[in-house]
């Protein structure tokens, strides 16, 4: 019976719960963004070496952190779905992928913009930037595989396996890229000097929190659409107020 | 003994069947009937373990086929729509390799005998790409002769076969049943087996 | 290069336009996509439901 | 167990021998890509020497992608794959056999061809030796990682391009250590660490990829 509960009622209760939570997450994300950016731009002092340019880190670092964590979370949900055959986890994995890919993109974009004034080149083959690029490729592979399989069950399971293989590979890739980078004495992005001002840390932390809340809100909203789509033949979907009207 | 209880299967959104149950004992034969799209092939593929049922359980000698896995596969033989023969290989090579995959070592003489009984005399060493549809089907069906599996799962075994070959298949099935084998199959052509009661399962 | 000079003279504009505006734009596009998907899915589900109702009505009649 | 492995390898080799054109096209592709590079970047020997290992490795990576689509698709289309999944032996073992055969017909010819192409780039003998050792250790890993992708994209439209999209990022470590070894020997450094890392990748791939590929095949057959 426990398995049945997992299998059938989880999306039901989750749909309603997610609907109630989304506004809270979205609102607090927006609020924290404003606070974080206010501290970042008005309170935090100008950096001695990098001038105003360093202020890119307030979005660059949170985006990088999130893109990596979201991949792990996605692989975790994928593994859950594959092992316990729960439908909701597979839907969550599918819903996370686009957000993760976008954060990876933001991280690359802001990294490039930071690189230009620092090293005079838009792109440097720094270990972290290169890994981030490969991470974006992994996200795109996941999304492309899921999109090209018509049968939703096979799509979930196949892309779940890919996500797990990818997450096992991520440390190996990161290590090898770092190795390659030191071998070629490439440039390394130093995020901080010895003294990182308290306000800088605060701003970065608050924006990171805001990004997390934003990601949760968007993923929940997306998973609600996926639930609607997948379960459209069930009774409970047909009795939802937004469907009846 | 093959037992199926409360089986439910779906393809995409579409529920093919549910609450299906039956038991197949040694010496019994069962025909799965139903219109196109009623899930005959899906049922047979579920019995092979290719498809995971939505609900229900399939057991072989009291144990779930999921748990038995390879032990179950050693005792069953499946013949699908596809012949599983390679155009580049000769009939002889095809038969010996497919027997090898199912764990039966086959020497050349045994394989030749089986192919001859299937009416492929003097074509044993030709690449199968020069054979006709019916002859290729015969190459695939020759596996019935060399297998020692107890359970035969045959999906449309009679397609592309002429009258002579159909008679031969009926003979083979009767022999298999006499050896306490089990057969479950689908067909759109009549298949009569002497000395055995034909059970039928209707999918709607 | 002129961009280089402009960048040094207006670092804050560069940071804002280059990074934050782009990031916010990405967020906005994503939110719009999610809302759009929700709309489309809801419409589709409603259509399916009406089609199902019609079939049932015909069956009853 | 080993009998089955030998059976599958022998079968795939016989099939490949009767369809020799497939092996040759991959090999010709490899030769062409490598030969195009000097035309693209110019004939200065100093630069070509420095690029050689990277060019050969990237070309090997691309050509192995080219042949991956064939790994399971023929067996999938004619129903042999179904029969393989019903074999009373472990599917992982069968998959390992298919990977091995695939490497022998698509990876090994590249390894044998590489020194000849290396001479086009005026690679020193020492570097050539390490290149071959690296390729010998690395190309099986490419076949094995590729097999996962081939199994996942089985029977999909546009499977070939999708396959490369999935597999190429996962192959980056092999590329890095393979070219790194050649660069190390050219710079007069020890290659032991690079080669042992490649060996470690090979062992890891041998242990995990057959099982993962078998799972992927089961998912794709549903």
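Labels A, B, C and D are assigned to the chains in the order they are written; within every chain, residues are numbered from 1.
Simple rule for what comes next: a residue touches a chain if its C-beta (ideal position, glycine included) is under 8 Å from a C-beta of that chain, and two chains touch if they have at least 3 such contacts.
Predicted model, so just to flag it, every value in this text is computed and none were measured.
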Most centrally placed chain, judged by C-alpha centres: D
Farthest chain relative to chain D (centres taken as mean CA coordinates): C
Distance from chain D to chain A - Cα centre to Cα centre, in angstrom: 32
Whole-Å gap separating chain A and chain B, where each centre is the average of the chain's CA atoms: 49
Euclidean distance of C-alpha centroids - chain A vs chain C, Å: 16
Separation of mean Cα positions, chain D and chain B [Å, integer]: 37
Sequence positions of chain D contacting 2 or more other chains: 222
In the complex with chain C, residue positions of chain A that touch it: 37, 41, 51-53, 55-56, 59-60, 63, 98-99, 102, 105-106, 109-110, 113-114, 116-117, 120, 214, 218, 221-222, 224-225, 228-229, 232-233, 237-238, 242-243
Complex contacts: residues of chain B adjacent to chain D: 48-52, 70-71, 73-74, 76-78, 80-89, 93, 97-98, 100-103
Sites on chain A touched by chain D in the complex: 134, 137-138, 140-141, 144-145, 148-149, 151, 153-154, 157-158, 161-162, 165-166, 168-169, 172-173, 175-177, 179-180, 183
For the chain C and chain A complex, residues of the former touching the latter: 4, 7-8, 11-12, 14-15, 18-20, 22-23, 26-27, 30-31, 34-35, 37-38, 41-42, 44-46, 48-49, 52
Residue ranges of chain D in contact with chain A within the complex: 148, 152-153, 156-158, 162, 165-166, 168-170, 172-173, 176-177, 180, 183-184, 197, 201, 208, 212, 215-216, 219-220, 222
